[in-house]
Each structure stands twice: as C-alpha cells, then as structure tokens.
Amino acid sequence: MATVKKDYKVIGSRPVRHDGVDKVTGKAIYSADFSISDLLHGKVLRSPVAHAVIKKIDTSKAEKLAGVRAIVTAKDFIGSSDKNIETAEDRNEGETTRLKYLRDNVLASDKLLYIGQPVAAVAATSSHIAEEAVSLIELEFETLEPVLNTTQGLNSKSIIHQELETKELGTKVPGKTNLAEHIQHKLGDPEEAFKHAEIIVERELTTETVHQGYIEPHAATASWSNDGRITVWCSTQGAFPARDTTADILGVPISQVKVVPLEIGGGFGGKIPVYLEPVAALLSRASGHPVKLVMSRKEVFECTGPTPGTLMRVKIGADKSGKFLAAQAHLEFEAGAFPGSPVAAGSYCVFAPYEIPNILIDGYDVIVNKAKTAAYRAPGATMAAFATETVIDEVAEKLQIDPAELRLINTAKKGTRRADGPVYPTIGCEEVIKTIKDSEHYNSPITEPHVGRGIAIGYWFNVGLESACTISLSKNGTINLIEGSTDIGGTRTSIAMQAAEVLGLLPEEVIPSVVDTDSIGFTSVTGGSRTTYATGWAAYEAAIDVKNQMITKVAGIWSIDADNVEFEDGVFFSKQDTELKMSFKELASKSGAPIVGRGSVSKGGMGAGGGSFAGAIVDVKIDPETGKTTVLRFTCVQDAGKAIYPSFVEGQMQGGSVQGIGWALNEEYFMTDDGRMTNSSLLDYRMPTSLDLPMIETIIVEVPSDGHPYGVRGVGEANIVSPPAAVANAIYHATGVRQSRLPMNPASITKGIQDHRSDILNSMNC
Amino acid sequence: MLQVFIPSLMRKLTNDKHVVEINATSITELINKLDIEYPGMKEQLTEGNLIKDGLSVVINDEISNNPLLEQLKDGFEIHFVPTIGGGNY
Amino acid sequence: MKPEGAELKWIDYSSPETLAEALTLLNEYQKDAGILAGGTDLIVKMRADRINPGQIIDIKSIPELNQVNINSNNDLTIGSAIPCYKIYNNSDIMDLRPELKDSASIIGGTQIQGRASFGGNICNAAPSADSVPLLISLGATCNVQSINGERTIALEDLFSGPGQTILEPNELLISITIPKKSDLSGANYIRFIPRNEMDIAVVGTGVSVTLSSNKKNFESVRVSLASVGPTPIFVEGIDKEVSGQEINDESIRVVSNMSKNASKPISDMRGTAEFRQHLCEVLTRRALITAIERAKEA
Amino acid sequence: MTQSKTYVRCVINGEDTEFLCEPRQSLLECLRDVLRLTGTKEGCNDGNCGACTIMLDDRIVTSCLVLGVEANGKTITTIEGMASPDGLHPVQQAFLEEAALQCGICTPGFLIASKALLDTNPNPTEEEIRFWLANNLCRCTGYDKIVRAVVKAGEKIREG
C-alpha cells in the first residue's frame, strides 16, 4: 500500500483541538446562544399545504397584538429604501428566475410549494408573543394537486413552475414540465457491449427522503443599521456564501452585508443554504431592532433541505471472468420545490469506483411539492451506491466470485476514464478494496445463524474551491492564524497543524481564529470535503510566506544574501557560515516590520486531488421473526491521502458510517398523501442511538493526492456512501432476501422473509 | 492539439463524434474554432461570451473555476460536463 | 393556523402540599386543569397544542402520591407520582415485583425515567404506554379520589380511547395496587421497537403466569397488549383455554395466537396492522416463555 | 387572572440563585434566556435529544420538559458548573483527549449524563454506558469515541 514516506513532526499527531475546552465547558457560543441588546424575537408563518396559489395574506389582526414590532412578507423584498439596490429587474431572465426561487424559498410570493414554506414573519418582544401573532395572520389560498414523487412529477398534469423548461447542459428544451434537468454521460457503446455480456443483472431500487439530522436547529440574528449595513450572526457552513446569498436575496451589494459565523452545531451539507438570515434582516429593517430567529425541530425537519427520495434502475453486464463490460443507470431524484437535486453528483459517482469501458448514465432532476433538497454528505452518491453496490453483490453471487475480488478485478485506478470523460489522477480505490479483502474482519469466520456479512465501496469526488488564510507572527514566536472556514469538527486544528509543520511549531503555538466576512479573504463553504484540503493548503502557503519573510529579515541582520539562509528544525542558519544561527523564537522577538503571511488558493471545482474512496464491511444479525437488524460489527476503510489529524479523520469515518447505518435501517420521512411529514420529531425520525451500534472500527489508507503539499484527501463525505449498500448485502446474506428499498426496516425485512418462505414452499409444491 | 470530448447530448452537432482535435490556447479560441467546424456549438456552450449556466469545463481531471482564464497546452483534455446542482458544496 | 414553533401558551401554576388542597383545586378547574407529575407527556402535548390547560397542578409534593406501601397481605401499592427510577431502585419493590423493572427501565431514556411516573404513564392513556400491559396482567387496580370520595378501578377498565380515561375531570389517581404474588407465578413485559430504547412500542406485551404446584401445568395466564388498539388490550378468556393444560409448545402457541386474534391494530408510521398482528404472536410467545422461567425460579 | 411572573429560588452550580419567570417557561428557557447560562443546549424541545440534560437534585433530566417554576427549592448543576477552578472534570478531560466531540452541540448534555453515570458507577460496561446515554443523540461521532471517553474517565476517577 502506498503511504507518505516523509516523517512529520506535527502532521499525523493527536493534539487536543484548539476550541476543545470552550466546547466542553459550555463557553462556546452557538447561533442560538447569541444575544445583543435591544433584541427582538421572530417567528415564521409557514404553508399548511403542499401546493396552492396564494390569494391573500392578512396581517392586520397580528399587527394589533401588544408586543408585535414588525411583520414582513415577500412584498418587503421589493422597493427597498436603499438607493444602490440592484433589483431583480436589472438581471437577465435566468438570473431573475434564480433569484425568484431563492426568495420564494425564504418567503413565498405567489404560490405555496410545500408544507412548511415560509409565508410571513413576525418580530415581537418575546418569542411567545411572536408565535401568538403568527397564529393571528390570515392566509387565504386556492389549493392545487400536489406532486409528491418523481413518477408523479414526470407524469402529472400538475405543473409546479409554469415558466420551467428542462435544461440539458444549460440548453432549454421547450415545453411545460416538472423535469428541471436531464443529465447524460455516455462512454463507449453500452448497447453493443451488453450483447457480449455473460451475465446481466438489472434492478430497480428506491430510497426515501432522509434528513442530515444535525442537533443544532438553524438560528440567525440580523441587525440592519441606519447606514444600510447589515450584520448577520448565524450558524452556517460558509460565512461568505451565506453573505453572498443573503445580499442577493435582499438585493443589496455584498459589501453591505457582514456575516459573523458563530459555532455551528452540525451541518452535513444542510447548513449551506440560507433560510432565516434574509428574513431576520427584513424584520430588522422593518422594526429598527436586531431580530433573532430560531427554528424548532419540527421546522428543521419540514422546512430545511433533506436529501431526496429517489427511483433508480441500474444494469451491469459482465463476462465469465467477472470483468464489467457495460453498465447503465437511470436516476430519478426529487429536487424539492425548486431545481437542484443532487442527481448530477449521483451521476458522477454511480460507477466511479470501477473501470467500465461502456457506460450510459441518465439523471433526472424532478420538481416536487416538498422542501427544497440540500446537500447531505456526499450528496447523491449514497443512493447511487445503494443501487450499484447491491447489483454488484448479485453479480458476484451469480459468477461465484468473492465480492471483494470482483471489485478488485474491476477497480478504477490512475488513468481510468470515468463515465463523464476525464481520467483519474492518483487515486486509492484499489488500495481500499485490497485493505478490505486482507482485513481481519473480512477474513473472520461467521459462526452464528441469521448472521450475514456485506461489503460495499463508495466514492466522493471532493472539491477544492477558494480559501484564504493570513498568519501574523507574534514577538514570542507563536502565530495567529486567521481563516474563513467555519469549524464543524476540528478543522481549526487540522489547518493549524499544516502551518505548524512548515514553521517547526507545536500545534498549541498556533492560535487559529475563524473570523467574519470583513476580516479575511473569500473562503468557500465547509463542505465538499474541502476544508482540511484547500484551507489547509492556504495555511501552508501563508506559513511559507512567513518563513520567507523571516529569511529575508535574518539575512538582513546578518547582511548576507537571503538565498544563503536555510530553515530547519526551528533554526535559521547560513549555508556558508556555520556561526550564523538564530532560532525561530529569537528571530521573532527582534523588532522590525511586523511579519504577516498570506495564503490564497483556488483549486479544482470537482475531483480535487482525485477524490476519496471508502468502503465498509458490516456484519448484521437478523431476528427472523421480527425483522430487526442488529449491527454486530462494522469496519470503515477510507483513503485519507495523508491523515493530518488522525483522531478527527477517524471521527469523520465513524460519523459518516453511522449516518449511513441510520439511513440503511430506520431513517425516513413518513409523508401523507397531501404531502405532510408525520414523523417530524427526534422520537419518530429514528436516528441511531448509542445503544443501536457497536464500536465503529476504522482503517485509514494513505494514498497521497497529486498536488497537495501533504497529499491530503478530504475525508468528510466518502464514508457515508457505502454503508447502506453494505448493510443491504449483509441482510441478504443473513436472510436470502434482496432489499430494494431504503430504509430496510423490520416490517419490510419481515415481509421479505415471509414472501421468500412462501415462494420456497410454492416451488416445492409444484 | 487539444483533445475535446463532446458530451453525448451535443453529439448530434458533431455527427456522433465523441472526441475532436482542436488547436487552441484558450477556451474562447477553442469554442470559436469548434463552432466553425461544427456550427451551433458556440450557442450550445456559451451565453453572452460566457460559459452557460449549468455547464462546467473540465481541463484534464479537474473542473476549472474560471476556464476562460486558463492557458491551454498541447495534449490537454477538455470536457464539458453538467454543473453540480443543489448547492452540493 | 398553528405555527410551527413550540412555545407554551400562558398557564398558571400551583404546587399543592396536601391531597385535600390538590383535590379542591382540581374540582375548581376541572377540564382546565393539567396535572403535572413528570411532565414528560403533559408538556410535550401542550407544546404540540394537543391540549391547552390553563391551570397546571403539580402533584409531586403530595405525600400520598409518593408512598410505597406493602401490606401484611403482600399487596403492593405504588404512589402515582413516583418516578420510574425510584421504582427500579427501590429494593422492597424489586424483591416483591422484580418484573416491574421490565417496563420502568424502558419508559423513555435515562433522563425521562428521572421524571416520568407510572401514574402519568397510565393517565396519559396512550395505547402504547409501556407500564400498562404488565400492570394489567398483574391485576393492578387504580386508587382514585375526588372531593366527593374515592373509588377503585381495575386498570384494564380505566381506558376509554386514545388519550382518554373514564376518570371524572375532578378525579385524581392516587396510587396503583398490585395484588399479592403467588410463589408459583412469574411475569414479563417486552416490546418491539425498531430503534433501541428511544422509541414508541410498535407492540408491547405484558404476561403474568401462575403455575400448578408441580410447575408442569398452567394454573392461570393473563396477557395484555400495547399499541394494537385504541386502548391497552386485556386478552380475555385465556384461562378457559389453558388453565390446567400442560406447558408445552402447543399450549404456548394457543396463548400467543389468542393474543394475536385479540389485537385490533391500525397501520401507521410505526408499523402496518399486518406486521403488528404478527408481532403480537411472536412477542406474547417470548414473554410467556420468560414468565414461565421466572415462575419456575420463583 | 393577571399574567404575572413567578419568583423562583434555587441553587445553581453551588450558587443561591433567584429569578422571575413565566410559569410557561421551561427550565431550559430560564437557564438560557433568563439566567444566560447558554451552555445547556436546545436540540428538540421535546425530551428526545438530551442536549438540554442537567442535574436536578440527584437525577439527570431533560430541562426542556421541566417548568422553570418547578426548580423552586431545587439544586441544579449545568455544564457551567462542571469544571472547578483547579481544572476540568475527568470526564471533560477525557472527551478532549479521546476526541469525543466534533461539532460540540450535544457535548454538554453528554458530559452531564456521563458524569451522573460515573458518580454512581465508576466502572460501567460498554453496554451500561450505551444504555445510560441512549437519551442523548450525537450525529457527528457515531458514539465510538464518546464511549471510549467515558470508559477512560471512569479509569481516571477510580485512580482518584
């Protein structure tokens, strides 16, 4: 297995995270903890129906309630008092539509598109009064037939957006429809290749809507001051994207908005969109006070982006030896009420771990009357892998080839051409599969009855995007590291460690701060597994900049040429004169122009460093009478490129694995025929508890990525992709019944077993 | 020469050619030359001299953040792929 | 239109020190009163707007509702406001009725058990109430009082519908009495939930069994079911079928099938009717077998 | 009846504390909004996530399901009261060393619940830990490192 040879001092160690003490003592300030003088509290009126035309919003009764300070609706977006507002009218048609969608998702203008869509908002002296006022707002509407899944969306006469036309590679296909986008990737000649296949397995599978399930509900406080400056304190995965979207929605220049990111209580992709920020800002402008909005758990479930339900058909053809000759995927994803399901990402990932010469992938982004979907950890890849990896397990069974061996036979490697065209740089897919195949877990015997083992592989392409970082050197030889990546799970430290390594410092000699959008260069979201990769890269460059400035400074002190100065093990020295030495700390203490290093990177939008592959091995025990699944043992294997901060690499692997287990077994939105979620609580939306799980074993594989100074690969996402498929395969091997729907809950497993039994009986009878 | 990969949904314009070879040093030059050889390509790929919304340019193995500024070298692979929707990152 | 938030409407609160005081308040406010013991159902229902009491009466300070009493006849009486953890941490109760831990230790998680009481779990009258099936199978009775006097109600007769009991608006559940235990009896409560601990019973079964002196035959079997009807269900007529019968797979199957046939489940997000009926048979069989083992050890 | 606030007196983190609250305010609201003790978190407001776990007299409870007025005469410990001037509690230290938190929003609830377990049982089995903590949801860690941290804290406490 390829690993990084170079031995590092800081990288690969396990220091206590910089923000740790504040977070174990309750001092860390999260979005809902924030307060400010003169603060009002807001509540939001939300749509009670899934599809309707708004007739009237009457706020008169609510306005009369004592303690109410302001009420806003979508009307308040238009005719802003501000002179330099760029309004929707100034934009081209595409932009205008995009803006309308953004605005309608935070305050509905003409139609109600899903249950829970915001319609109006109230600011009052207390949240109790605000909520009472909300119940006094009268909303009149004319209901329309709701569209609740992709099949309805593609066939129903009920059109959700009259102006919508299907896009193919950005080009519009005329005609009224709920199909927002059709994606296609074609490699080789699949039709012909299937003819030569020894065996072909084709299956249709479905998955239900699931939520990211972060424990901290969304919250935002906004203050619109008299000079037109807007300050927003919120919980977001990206302060800059939140600033840009908020400014966009409000129709003000981005320079007029400052977003102050507070500590964030989980996101997993769900805290990339803005929901409350622009509404709090409108309420603040209308009331003249800062206004705070906090969502309830019910609002989080019903009104923020889940990841969508899907319908998928996957077909794989292989020859006798197990080599995949051709593959085909048909992916229908629910977008929610506005375009943009993760079907594009799903289409990239569906066959990503394999070298297959002939591929056809069709992806469909279908508008439905549900909350707009948002990213959820490797968006789209998990559903796609559930389809592909269960089909591959069936191929392995039919050809009587070990499932790990079959994957190895077909593994993608450097130079493999993907379905979407490009070839892979250095990747760790083969190493991940080999590690699974050679692992003690995979080779341990299964002795108990009703126990089965399954494996699966998953891919997430990872992104790079923009990050900025500055480092100021202090007189005592420590550094202050300023960054713009909100820290969801230890990235302050994984970034600081990369700077520390360059400058020969200890992790605790770096003081990292995540700052507001006025205080650092643009930095993209904490998402796409990019933070340790790209912001870490920016920190590395800032540290190099600091080092070079110090070299110039010491060269000046010694009056020698900077080219003759070297820095090693915390000491600057002259290449010629061995007498000339100065420690980092001593040089830092010397007076002179303050040393400030800058790092600023723009890396690939997709496929950064070749992405990350991860795999799962899972043993389950099925109660054949109740269909209850017990996860006996679970191992997650992932390529981290180079694990900067192993404790938190393991943490990502364990967290992603468990979200995948929840998705596999019990998590789903139960929806009524009129589009209402019936289980919008943490009691009935069954995320795994500590008692549902074994310890989650981790094996970190290190195949350094091309380009990154330390070979890092983001590890935030790929780990959630394979668990549902691995669990499905394990359930099959425990019960003899294939599962074609997520979640695989006790009722469906029991039914599967009963049907299977009666099939056997029938076949014996004939 | 650049290897330009034509997306399946545009191959009607290249009478089903999957890959075409073009000599160019920038994406703009590339698209103009493509349009001469395969009329309609420019309209498919651009809007107001910018790459269309919903379309991304892959240069070799990574999506480029600002393709129009990229310096293209001999032997590069160029792909036009659908943009990832859904605020995925 | 109900907003999506979870704010409570205005309430007034009182915490009477004596039973008399509480009964007077309850008589004054009748249906407008909300009785607060652990609050783990009351406050949740108020936030969800399913009930809107104007006057909260906190009964936790009333001595009679916090007493555990075992009389000379070994009848066990448990105050209605005693939180679950005090039940399974009470050695007197556990010596006499160890099976009560089956339900007391799974009503919600640890934090909920710090507050939730049998009395609250009973009066909340959820068809899924975990404490109820076992208590019914043990023949428990409810001691109820109002300013007009007191009465005793067999637990299986208390419920009139989902969230509904036959208690008058001015009546208060003071305690639950479990009649004395035979040396040859054993009981067990089990439930089926998809997730572990933090979940609502898809089906729950409480079984109490008394064996013949030679421990080979059934003397009496009582079965009660949760979550398979509008109220907790007491399965009638089992003794007629199996009393005196030898304990074997066949007689056990008779009981579990009677329990399956007695269930009247609906389909909802927690399980289909078909699945629930199937589970009734499985869980009754399993609970009965455990109860028999316990009876033999007794 | 006029809508007036109620006077509550209790001991919070060892301090005699008085506050006024509306009877409809939960103890969680009182801690966070009235007393500005925001270390106790709200994740669901219906007792199912455990983020608002506090010690109420001798027992952990979800403070979202306790009325502020019920705190009268009670003794309360929140996360703010866990560390002492001479340092972190062993459970806090173990959570740091074992990387048992990622986003950290559920951490105060887990720490209060874990301490309560170890106070009565300093040598719990993995099963006992998982059962005790089943009312505390964590979405980041998969619980593995949390369980390890509680075991480690138990060892530290037993060593004294």
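As written, the chain order gives the labels A, B, C and D, with residue 1 at the start of each chain.
The rule is simple: a contact is a pair of C-beta atoms (placed from the backbone, for glycine too) under 8 Å apart; a residue touches a chain by one contact, two chains touch by 3 or more.
Being a predicted model, the structure only gives us computed values, none of them experimental.
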Would you mind naming the chains that touch subunit B and likewise touch subunit C? A
Let me spell it out: compute each chain's centre from its C-alpha atoms, then which one is farthest from subunit C's centre? B
Could you grab the centroid distance between subunit A and subunit C? Build each centroid from C-alpha atoms only and quote it in angstrom. 44
Could you put a whole-Å number on the gap between the CA centroids of subunit C and subunit D? 29
Using mean CA coordinates as chain centres, what's the subunit B-subunit D distance in Å? 57
If you look at subunit B, which of its residues touch at least two other chains? none
Subunit A touches at least 2 other chains through residues 128, 296-297, 683, 688-689, 691
Residues of subunit D that touch at least two other chains are 22, 24, 45-46, 48, 131, 133-137
Who touches whom among the chains? A-B, A-C, A-D, C-D
Enumerate the contact residues on subunit C facing subunit D in the complex. 6-13, 15, 36, 38-40, 43-44, 47-48, 56, 58, 60, 83, 85, 108-112, 114-115, 196-198
Quick check: in the complex, which residue numbers of subunit A touch subunit D? 14, 16-17, 19-21, 23-30, 32-33, 35, 128, 212-217, 263-268, 296-297, 488-490, 647-648, 650-651, 654-655, 657-659, 681-683, 687-691, 693, 695-696
Over in the complex, which subunit D residues touch subunit C? Could you list them? 1, 3, 6, 22-26, 45-48, 50, 53, 56, 59-62, 64-67, 69-70, 72, 113, 131-137
In the complex, subunit B residues that touch subunit A: 5, 7-10, 44, 47-48, 52-56, 58, 60-66, 77, 79-89
Within the complex, subunit C is touched by subunit A residues 43-46, 48, 116, 127-128, 131-132, 134-135, 137, 139, 296-299, 302-303, 625-626, 628, 665-666, 670, 678-679, 683-684, 686, 688-689, 691-692, 745-747, 750-751
